[in-house]
Amino acid sequence: MNFQWNLVWDAVPTMLDGLVVALFATCIGYVIALVLGLVFAFLRRSGNRWVSAPVGFLVEFIRSTPLLVQLFFFFYVLPLIGISASPLVTGAFALGLHYATYTSEVYRSGIDGVPAGQWEAATALNLSTRRTWTNVILPQAIPRVIPALANYVIAMFKDTPQLLAITVVEMLGGAIALGSETFRYSEPIAAAGIVYLLVALLMAWLARIVERRFGQVRV
Amino acid sequence: MTNGEFITFDGVHKSFGNNVVLDDLSFSVGSGERVTLIGPSGSGKTTILRMLMTLTRPDRGTIGVDGDYLYHERRGDTLVPAGEAHIRKVRSRITMVFQHFNLFPNMKVLRNVTEAPIHVLGRPKEEAEARGRELLEMVGLADKLDAHPSQLSGGQQQRVAIARALAVDPDVLLLDEVTSALDPELAAEVLDVLRDIAKSTDVTMLLVTHAMRFARDVSDRVLMFNEGKIIEDAAPDKLFNEPEHDRTRSFLRSVIDET
Amino acid sequence: MSAGLMAYVWEGLLNTLLLTVFGALLGLVFAFVAGLARSSERKVVRGIAMVYTEVFRGFPALVLLFALIFIVPQFGFQLNPLFAGVLALALNIGAYAAEVVRGAVRSVPPGQLEAAIALNFTPLQRLRKVILPQAIVAMIPPFTNNLIELLKATSLVSLVYISDLTFAGQLLRASTGETALVFFGLLVGYGVIALGFTVVMKLLERMAARSLGRSVPKGLFGRAEVAA
């Protein structure tokens, strides 16, 4: 066995640099996913078939196809149409778009979970559509889905290694770069794996706390 | 073991957390006897049945079935907790019909009835199916052999469940509120079937039920439970007409008679 | 497009399908073993299964793939790249699918287990004849999601130079320069494959439900949410 644990430890500084990059991408991507997902959810609920059907199809299409290919797509195609963004921003955007398709489903189930009687009461009180959404429906729908939304942060974080394909140096990318310098790949990759695992477990633990805090619907 | 003590409960104690459900309970049931357990909910009567069926274990005490202990084995002069094989062996004499039928939805009616005879008792398929058909005819469902449980009414499902229980040739039949989930008309069908069975077989029966008229018709003895103890044990005529305990009296007054 | 390039695309398609199918089959094995072990009475068994699911759900699939390809040879084993891909994907998806198995087994009404005990079935008989047939129907919709995730994850093997569909796409792009078209075509290709799998799974679900005497609501896009 040729594995040298001290090299794993040596790789940690590179890992921390990569961790910052990964967390940055996750945060930006998550904000995009939260906002865009809500937009998708609304559009899919539109009474107008010309809106709901294409959006529905688009959402399903993005959700069923690989994030990696979508990363390549935006990385190579955006410059062709004049948008120049750093690989990190491009990656965060693609990540956010991909996960917006998941969060939109979560929002939809939350909204559907609000009892029909709530809508009826709002109509009986002659509330405007906007008021109904902001004061009645969303305040009931969102808390219900916070646990599920929290879980998607972790999923996004675990997908950040794919960004190395578009030259973003997060942890795995850093590990490969380190490996190509020293010709010892195993230890840096192990270091990356361990850090990813630890951070993911930490996030899962935090998500459990969030779930407990928001899990019960406050009546 | 004499016939009068086919089933014995000796010093049985059971609590769920702080809640004492059975309090140092001792009683016995004779072979072929029909005993009804009545009492308010939480008084422990269902727990008795579930313990006999090994769905729950007693905290203390022994339960005997025809000379063997259900949860203990004899090693020389002492009793040790029984292993799984022993429990299975003793348990094979007992079966149960449930309040919510619990038919297997992944099997049609005939297969529900023949599955245990074939795979637990080791009977050949033709024999098990012939017996199954016989039993289903006895409960009035000869035309439903090929049906799915989901296609049957509650009363029909319960009758299949009864046939399924009888198919394993039990010595002891436990009936846990078998009509409580049925509306009165369907409950009556099921009770008629049980009356027939009580008349035509000599299987030992322990019933928990709210159907008081049925209990009177079928039972040899009625046990009144209250707060984990048996407070009265008498023949139905005596217990229903001249109850000794105030608690028994007030309970009987409040019971809604089903059939 | 030259015949040589077409050959790459076919090879890529074939490998993607192989990775998906075998990854799914192996992952199913892991899922059932771990999922059933989570419900075991023995603490040690439960613990091991929990470690497996927690670790392989916390590990990014790409890192696992790199680990299998780079680290394992250090210990003396040489893994065939395609097999390494199948293993990495199976370990990853198996951990998620194990939760599906566990949830589905728990969703079988307790009365069913009690009836099986009352008829004196052995524990193995209870599982095979009563619990699993009923649990399987509940497993299929979430499994469909797992399968699509697996299909998407197969694209990761292109980064370790295994010639799957995405790798073929890269080759196509490099030689034809039609970037947008190639990647869009890739997306459509994956989308069609995903659709195919979804249809098959819906059919399986309908068959399984029918064996329980139940009916399944119609419609193709009624997918359950993906558990993260």
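Quick notes on this structure:
Labels A, B and C are assigned to the chains in the order they are written; within every chain, residues are numbered from 1.
Here is the rule we use: a residue touches a chain if its C-beta (ideal position, glycine included) is under 8 Å from a C-beta of that chain, and two chains touch if they have at least 3 such contacts.
Just so it is clear, the model here is predicted, and its values are computed rather than measured.
The most central chain, judged by C-alpha centres against the centre of all protein C-alpha atoms, is C. Relative to chain B, the chain whose mean Cα position lies farthest away is A. Each chain gets one centre point, the mean of its Cα atoms, and the points for chain A and chain B are 55 Å apart. The mean-CA centres of chain B and chain C are about 45 angstrom from one another, to the nearest whole unit. Rounded to a whole number, the gap between the C-alpha centres of chain A and chain C is 21 angstrom. The set of chain A residues that touch two or more partner chains is empty.
Per the touch definition, chain B reaches chain C in the complex via residues 53-55, 88, 91-92, 94-96, 98, 100-107, 115-116, 119-120, 148-151, 161, 164-165, 168.
Per the touch definition, chain A reaches chain C in the complex via residues 1-3, 56, 60-61, 63-70, 72-73, 76-77, 80, 102, 105-106, 109, 148, 151-152, 154-155, 158-162, 164-165, 172, 175-176, 179, 185-186, 189-190, 192-193, 196-197, 200-201, 204.
Chain contact summary for the complex, chain C toward chain A: residues 54-55, 57-64, 66-67, 70-71, 74-76, 148, 151-156, 158-159, 166, 169-170, 173, 179-180, 183-184, 186-187, 190-191, 194-195, 221, 225-228.
By the touch rule above, chain C contacts chain B in their complex via residues 109, 111-112, 114-122, 125, 129-130, 133-134, 211-214.
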